[in-house]
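Two complexes, one shared chain (chain A), two partners (chain B, chain C).
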Partner chain A sequence: MSISLQEIVFYVVAACITVFSVMAVTTGRLLRAATYLLFVLFGTAAIYGILGYTFLGAVQLMVYAGGIVVLYVFSIMLTRSNKDMKYRIGYAKLFSVLASVIVGAGLMLFLIMTNGFALNVIPQGDELPVEKVGMALMGMDKYQFLLPFEAVSVLLLACMIGAILIARKEK
Partner chain B sequence: MEIHVVHYLVVSTVMLFCGIYGFFTRKNLLAILISVELMLNATNINFAVFNRYLFPDQLEGHFFSLFGIAVAAAETAVAIAIIINVYRNMKQILTDDITDLNG
Partner chain C sequence: MNDYYNLEALTSVIHAALCGVMPEWVALTIECVIVGVIIILLYAVLAVIMIYMERKVCAAFQCRIGPNRVGGKGGLLQVPADVLKILIKEIFTPAHVDKFLYSLAPYLVILASVFTFSCLPWNNGGLILHMNIGIFFVLAASSIGVLGILLAGWSSDSKYTLMGAMRSGAMIISYELSIGISVLTMVVMAGTMDIHELVMGQADGWNIFKGHIPAILAFIIYLIAGNAEANRGPFDLAEAEQELTAGYHTEYSGMHFGFFYLAEYMNLFITAGIATTIFLGGWMPLHVPGLDGFNAVMDYIPGIVWFLGKTFLVIFLLMWIRWTYPRLRIDQILTLEWKYLMPSALVVLVLMTFCTLMGWTF
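Moving on to the complex of A and B:
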């Protein structure tokens, strides 16, 4: 049994995602949490790349790592809440949250493991060509996505205007 | 090339439940939003993985996670605008202090 390069990359990325997503919700500094979130998003982009969806990985890198995390960092600095995390959570609440999370994760993992696809291998190695993505985005036939594309563009415009309206200083 | 479907799903499950844990325990609004991002990201991974696994020739899951990323970006922008506005009015963004809408 030989281990291919793809497997090594996947397991390293998976370990990174697991560790950093745990640290992102347990660290005491908000700026560090945003940084760990950035690493988790990088790992997700790498997983898209391993799956062959390189366009999706590039979108993930540009939108999330380039846009959203920068937005987070700026708003953390604007609200001066980096060291604002020293509050106490009651033991009862912490216990109940931990219990529900662990039980939920256990149930989910049990369902995944006992489902039929436990030993199936993902077909890999073929990268999705970008022109296929472009053709599917710009057509109105079956399995083409022009309408959601336009709807998302209108949604983005609306939320841009909404965000400016909400965050603007009132005279 | 022996990566099983389950391994991807385990990664996204861990990410999802980390997000849920953070959503319940954090009190800073921005930290809650970071947890929500973790949850959305886990679902996007699942869409891509199941698309690749079940229908490798079609692109439904791929586009679902593409549009999910766009919607998540929109949601984050509006939520951060609201949070900054709350901070401007109340000088804090901890959930314990923002109780004006309690009725």
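Moving on to the complex of A and C:
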């Protein structure tokens, strides 16, 4: 048996991610697109799990699947949207989309292959201890990220205040 | 402490025996399938027990007898008969619904609930999904369930279901904050998110005794928010019968409705089970430091009895609350969460951090 169970799981998850990403952008219904996006995010979380980074996997589930997608669904439900988005796509547009997709995929493949990521074996899933993640996020030494962490939270706060200002009715 | 009922020896013997006759990955796959079947069976059986318990407890609080005809004196076969009936009912799909999302929604709800269910510590060595972020994974997985509710409400194409889904979506998202903060409070005290280590750390006294005042406050906040998470009274306005017929699952029938019903009861069990794990010691017997004879006697009771006993005690507490308080309005529910519960949860978190830093916990 040259292929391990972990690799089989990885390829199944990767195939699911690919299929659902394509479905998310090709479906004509807004809420279905959000649901396919949810499946893609599940797949990403599963890949983090395979890599042993369960903390990021759980964060992925909580923030993206349980937070962002819920917000999408909420906003789709609250706004009056056309259930079937039947846009006609012209040939010129279709051709340019296909060309950019192929060029982008080629560039990605080139970068991955020359970097040697794809040639590496999938690392065996030893779980990354939470203490290590916490120390890296909250430490002040080299390769520790307290300043970016705090800066990002200030940025989020600014975004929220901005959103409230825009949404507020003028008195 | 002596542990006479550790399952780890048994599971490792089974694993070694299986690995002896087949490659390891086949053995792992077979074990996963068997454990999965056990989880689903337990899930269904516990739901039946809890529905019976709910009927009897509700009857007691309303001065009635409850089910008493089917299957002898106590009406023991009433719930199995209901389950049989719901299994053979037609699964009806209304016209003009989004068929894919309509049939997907119940499975999303069940998926979230089974994931969290398999993180519960049944016994020493009986923890099924073991990760070092255990309790955080429980919070993450339970946040998926609300999507199933929203999709069910939207795809049914009816005013009642849409309003029910919006209400319960808004409520569940809000109360997730309080649950998260109160769980975090206990994580700060215990110093770990690993469910096994959380339970082992309570060998010299349960967390609710070790953390005294802040732990008890966090326990109360957890119970209130947990009741809302499970969509149960006094927070059951998603299916306020007088206003919304049955809320987000009005249009569902047969086993699709059954899944929502099952998930609601199992979410109650999971809420109580997590409360047991982080506050009341999980499967850990009651130990009082210093009383060695008493502790030794307590160790003779198996862990699963302790776990189920404590969980059903918490479930009884939650049912008591449900059948005592009247339903809140949606604005009252959101006010309660955002103006009172969440700020007080934050205060308790700060208090607990302070106590832990000063070494005031036991």
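FYI, the second predicted complex is superposed on the first by the 153 of 171 C-alpha atoms of A that agree within 3 Å, B and C clash if a C-alpha of one lies under 4 Å from a C-alpha of the other, contacts with A are read in each partner's own complex, and residues count from 1 in each chain.
Here is the rule we go by: a residue touches a chain if its C-beta (ideal position, glycine included) is under 8 Å from a C-beta of that chain, and two chains touch if they have at least 3 such contacts.
Here the structure is a predicted model, which means the values were calculated and not measured.
Enquirer: Based on the superposition on chain A, does the combination of chain B and chain C result in a clash or a fit?
Expert: In the superposition, chain B and chain C stay clear of each other.
Enquirer: Comparing chain C with chain B, which touches more residues belonging to chain A?
Expert: B
Enquirer: In the overlaid three-chain picture, which partner chain does A:Glu127 touch, first (chain B) or second (chain C), both, or neither?
Expert: second
Enquirer: Who does A:Tyr143 touch here: chain B (first), chain C (second), both, or neither?
Expert: So A:Tyr143 only meets chain B here.
Enquirer: I'd like to know which partner A:Gly67 touches here: chain B for first, chain C for second, both or neither.
Expert: Touch status of A:Gly67: both partners.
Enquirer: Which partner chains sit in contact with A:Leu38 here, chain B, chain C, both or neither? Use first/second/both/neither.
Expert: A:Leu38: touches chain C, not chain B.
Enquirer: Kindly classify A:Ser4 by the partners it touches after superposition: chain B alone (first), chain C alone (second), both, or neither?
Expert: So A:Ser4 meets both chain B and chain C here.
Enquirer: Taking the superposition as given, does A:Val59 touch the first partner, chain B, the second, chain C, both, or neither?
Expert: In the superposition, A:Val59 contacts both chain B and chain C.
Enquirer: Between chain B and chain C, whom does A:Val101 touch in the aligned arrangement: first, second, both, or neither?
Expert: first
Enquirer: Taking the superposition as given, does A:Ile166 touch the first partner, chain B, the second, chain C, both, or neither?
Expert: first
Enquirer: Which value, in Å, gives the least CA distance between chain B and chain C in the superposed three-chain arrangement?
Expert: When the complexes share the chain A frame, the smallest chain B-chain C C-alpha distance is 11 Å.
Enquirer: Please identify the positions on chain A that touch both chain B and chain C, taking each partner from its own complex.
Expert: 4, 59, 67, 76, 78
Enquirer: Taking the touch rule as given, give the residues of chain A at its contact with chain C in the complex, in rising order.
Expert: Going by the criterion above, the answer is residues 1, 4-5, 29, 31-32, 35, 38, 54-55, 58-59, 61-62, 65-67, 69-70, 73-74, 76-78, 127, 129-130.
Enquirer: Touching chain A in the complex: which residues of chain B?
Expert: On the chain B side, the touching residues are 1-11, 13-22, 24-28, 30-31, 33-35, 37-38, 41, 44-45, 48-49, 52-53, 56, 58-60, 62-63, 65-67, 69-78, 80-85, 87-88, 92-94, 96.
Enquirer: Given the complex with chain A, which residues does chain C contribute to the contact?
Expert: 23, 25, 28-29, 98, 100-101, 104, 131-133, 136-137, 139-141, 143-144, 146-147, 150-151, 153-155, 162, 165-166, 169, 173, 176, 193
Enquirer: Which residues of chain A touch chain B once you look at their complex with the stated criterion?
Expert: 4, 6-7, 10-11, 14, 17-18, 21-22, 24-26, 30, 33-34, 37, 40-41, 44, 47-48, 50-53, 56, 59-60, 63-64, 67-68, 71-72, 75-76, 78-79, 81, 84-85, 87, 89, 93-94, 97-98, 100-101, 104-105, 108-109, 112-113, 117-126, 128, 132-133, 136-137, 143, 145, 148, 152, 155-156, 159-160, 162-164, 166-167, 169
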